[in-house]
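A, B, C, D, E and F are the chain letters, set down in written order, and residue numbers restart from 1 in every chain.
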Amino acid sequence: MTFRQFWHRLGSPKWFYQMSGPWQSAFAILAVLLLVTGMAWGLAFAPPDYQQGNSFRIIYVHVPAAILAQSVYVALGAAGVLLLVWRMKMAQLVLENLVGFGAWMTALALFSGAVWGKPTWGTWWVFDGRTTSTLVLLFLYFGLYALRRAIPAREAAGRACALLAVVGVINIPVIKYSVEWWTTLHQGATFKLTEAPAMPASMWAPLLVNVVGAYCLFAANLVAKLRTAILRQERGAAWVREWAAGEGRP
Amino acid sequence: MMFEDWQAFIAMGGHGLYVWMAYSAAVALLIANLTGLGVERCRTRRHLQAQLRSRTEEGLDASEAP
Amino acid sequence: MPPLLTMTDLACTRGGRRLLDGFDLTLGAGGCTEVRGANGSGKSTLLRIAAGLFADYSGAVEAAPRHYLGHRNGVSALLSPLENLKLYERPGGHSVREALTRVGLQDALNAPSGQLSQGQQRRVGLARLLLGDKPLWLLDEPLTALDADGRRLVRELVEAHCHRGGAVLCATHQPLGCSASEVHLRV
Amino acid sequence: MFAVQFRRDWLSLMRSRDEAINPLVFLFLATTLFAIAFGGDARRLAGLAPAIIWVLVLLANLLSLEALFKRDFEDGTLEQLLLLAEPPFAAVLGKVAVQWCVSGAAMTILAPAAALLLNMPIAALPALMLGLLLGTPALSLIGAVGAALTVGLRSGGVLLALLLLPLYLPVLVFGVSAVLDRMAGVGTTAQFYWLAAISVAALTLAPFAATAALRISVEQS
Amino acid sequence: MFAVQFRRDWLSLMRSRDEAINPLVFLFLATTLFAIAFGGDARRLAGLAPAIIWVLVLLANLLSLEALFKRDFEDGTLEQLLLLAEPPFAAVLGKVAVQWCVSGAAMTILAPAAALLLNMPIAALPALMLGLLLGTPALSLIGAVGAALTVGLRSGGVLLALLLLPLYLPVLVFGVSAVLDRMAGVGTTAQFYWLAAISVAALTLAPFAATAALRISVEQS
Amino acid sequence: MPPLLTMTDLACTRGGRRLLDGFDLTLGAGGCTEVRGANGSGKSTLLRIAAGLFADYSGAVEAAPRHYLGHRNGVSALLSPLENLKLYERPGGHSVREALTRVGLQDALNAPSGQLSQGQQRRVGLARLLLGDKPLWLLDEPLTALDADGRRLVRELVEAHCHRGGAVLCATHQPLGCSASEVHLRV
């Protein structure tokens, strides 16, 4: 199969649906396994930080969530380009179905960061570079959600969201840079995120496991949501009716 | 295991509240997310089947046939 | 000579109702077609599709450069008719003043358009058709709010345009009064 | 096309002169409100003045952007523009330019007066003005994309705010920090470069994005 | 008539739920912007928080008032209302009540959250809420008169602001001072009496004034 | 029985033009009068004066309780036809549902009115006439955007209303088709 064919097929809901059955459960199972392992490892077996003590264990929740929050948005931006430039049908489904997941991950990153901030910084919230840009990321997600809700026509909503997602992705680095630079200039380094380059393997290994697990969760969400969305979208098509009559029967 | 007993595990050296808040939020989100996926799938399936049934009862609606 | 408007196997669903289904239409130079049909049968939708102002359809549409006069006139209330149409003036074509005189607005060139009566505003919209020289005209109930004199005006404009080799697709409830083929939409 | 559209929008703004000074009135009224509401604390204001002014400029811009395409959308002028302007994006740019003249440019000139109401030191005013001059084009241009996306929607106003405020953030941050740095005697060139860069980037991309967004909006109605 | 009109406006707000939460979104976005723009100074904010919140509530109210009669005016519903409602002022009151529910009432409930963003001490929150509860009806009612006067005018938005802000001033002053006094541990009953008195006065007069103003606006078009 | 509409020595100037001058009109029970005139001759202005929606005139106007259907339908785009008309329902009169069925909208009761076609929206405006039982109807180009069936509907409604002792003043460019006297406006 040439790349061209693959590309074309990826844009075809039916093909995607028929191919992706096994992927979905694989990713979901992998995600649960990795995340449970990583969390248990991080909670009980990783050594405490010599400065922060056990509150450090929040890192195993916080960093994967923060990474996903950004990755999902980048994925939305990519889908936006696909939709606007190549009018790829699947990209619209991605745009429609991934916003909620990304927003929840952002919320988790914010929440776990805030919870971590209380014991380490002595306050739930402080406006520094990363916190601010994460908060703004949450607003970007809200914007996508609200825009889609506000436009009744599905097709138009898809393109409008695509445009917004692309504009947002272009802006994210600028936002990040601006706030990071601004607070380090004015606030001093008191609240700088702890960076531990010399982190021992026993500390970063569970983090790695969780990050990979988080990406699996992302993939599982992507595939599962696309699959249901495809069924709903193509409900008039013959193959979906066959599916409902046959395999889909409980 | 980095902790002597369960008590210490729960207490997390005094940071138990924060650590457990963060982890429980994460676990809750994970569970909600995965069950959400399953529920959505079931609902779609039921919906499609209901649609299929009403179609076969009424006879196939010509205007909606692909 | 290629046709000015070709619609092939058009299908469109709005608000849960199938409006167009396997609709075909070809409009060549000099052709005038009236689209008829009951209220809500999809005439306006058809015209917007032809104009490229409605995208949620399936099928193929090819249209020459075109003028579209919709239910709304596209006239800014604050600007005078002259100022309103300035944007559409093209070198070599009619001037705005000529166009407005043609539609009988020579006495209302400079009043804010919002202070014109409905029929006068419709005439401003009609005057735009004379600017920029587009071969295809898409008219959605052009007779709305026009008096007898205005209806005659529309007929003359359409006839002249077809005569020059243009084409007109017109949704209307009253016949324009010029020789035109008819398409009926049914839901 | 740019010039014709510019003249057209300029004329119609002049027809309703009140609307043209909307952003200015908003800026001054809100500044006054703040000054009154802070009451005796006024002395503490100086350090906060740049932030307040910039936030108000952002909000004023947002408010005037909401009207940018609305009327044209409602009376059908916008669909004519998309059909007949050659090229449409030049006409869109013309509209944005007029909007910038009455919001960004006007506020650049008059923001110092508002800043004085909030006790900002005179030495910092040039930094405020330069920042506004370089930053407000970006606000208008990015804002036009948002305005174009929301023009057909009933929820217009604050959906627009929700969409745009995250995108406005960098301008806000660089703008405020330029003034604060000037007040603290630190160099401020970097911020101005950034503001200019953002505006230039917006100038090259936003007209196209806004035109595409307008097309989406028109195709729904 | 009041109830029918209330239900009608409520329905149409719910149809576009986003619009209903507009004032809230505005309040939170603007508060966040201020918090970000103040950056490291956040700790110094506490004393200014009441003023900022109240000013933003005023502005949010203004923004949502602009839309109060606009749509009905444009689609001709307003003239029908004046012709057919029995009596028209009850219908007008119904509209204002809906507007208050989504602006004044909603902001009363959620302002504390915004206040916390600005580091306002928790002890002062009840004073803030009570002040908003008593003061915002006056804002909506007085605002309706202004909205009715300006509904047909192109310059709507900021002409409205210009008309209303002076009238809003007493509410602002009493509202802010109530919170500040509470923070300082001084008694605050007087301010609340004043706010309540203004609201009651507005309730008895504003519906009639607004109806008369609407009639003027409609007769011009 | 007193007339339902009396206009005496009406005069009105708009945009610098004298529209009405010493205009008199009396409309009794059962009377139907069509106002004719070129675009911009002041028909809509006359109707708004009669409705009490335009105040800048001299002369005396007395009008019975009335319905006014203007160029704009008075229909909120977000609300369904049912919800739109609820406000005008009166105990004892027709129900909203009956009125909407009468104008042929029984299938579009619950869609947001903004999603209806122009003609369907006009019909919602017409349905309002059936609610609240006002003796005087003021109709400004009621046929706008209506199909043949809709035009018949208007004629029947007007005839029935006059038959019941109501009166109708109607500005229009096309005759309604029922027996009516005509008034011509000239500038």
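Basically, a contact is a pair of C-beta atoms (placed from the backbone, for glycine too) under 8 Å apart; a residue touches a chain by one contact, two chains touch by 3 or more.
It should be emphasised that the depicted structure is a prediction, and the values quoted were computed from it without experimental measurement.
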Q: Please flag the chain sitting at the greatest distance from chain C, going by CA centroids.
A: B
Q) Across the interfaces A-C and C-D, which one involves more C-beta pairs in contact? A) C-D
Q: Tell me whether chain C and chain F, two copies of the same sequence, contact each other through the same residue numbers or different ones, using over half shared as the line for same.
A: same
Q | Chain whose Cα centroid lies at the greatest distance from that of chain A | A | F
Q.
Taking the mean of the CA coordinates per chain, how far is chain C from chain F in Å?
A. 28
Q: Report the inter-chain centroid distance for chain E and chain F in whole angstrom, where each centroid is the mean of the CA atoms.
A: 37
Q. At what distance in angstrom does the C-alpha mean of chain D lie from that of chain A?
A. 32
(Q) Can you list every residue of chain D that touches 2 or more other chains, as numbers and ranges? (A) 15-16, 74, 153-155, 159, 162, 165, 169, 173, 176, 219
Q | Touching two or more other chains - residue numbers and ranges from chain F | A | 71, 78
Q) At which residue positions does chain A touch at least two other chains? A) 132, 139, 146, 150, 153, 156, 179, 182, 186
Q) Hey, which residues of chain E end up touching chain F in the complex? A) 4-5, 7-8, 11-12, 15-16, 71-72, 74-77, 79-85, 91, 218-219
Q) Along chain A, where are the residues that touch chain C in the complex? A) 153, 155-156
Q) If you look only at chain D, which of its residues touch chain A in the complex? A) 142, 145, 149-150, 153-155, 159, 162-163, 165-167, 169-170, 173-174, 176-177, 180-181, 194, 198, 205, 209, 212-213, 216-217, 219-220
(Q) Considering only the defined contacts, which chain A positions touch chain B in the complex? (A) 28, 32, 35, 39, 43-48, 53-55, 57-58, 61-62, 65, 101, 104, 108, 111-112, 115-116, 118-119, 217, 220-221, 224-225, 227-228, 231-232, 235-238, 240-241, 243-245, 248-250
Q) For chain A, which residues are in contact with chain D within the complex? A) 84, 132, 136-137, 139-140, 142-143, 146-147, 150-153, 156, 159-160, 163-164, 166-168, 170-171, 174-175, 177-179, 182, 185-186
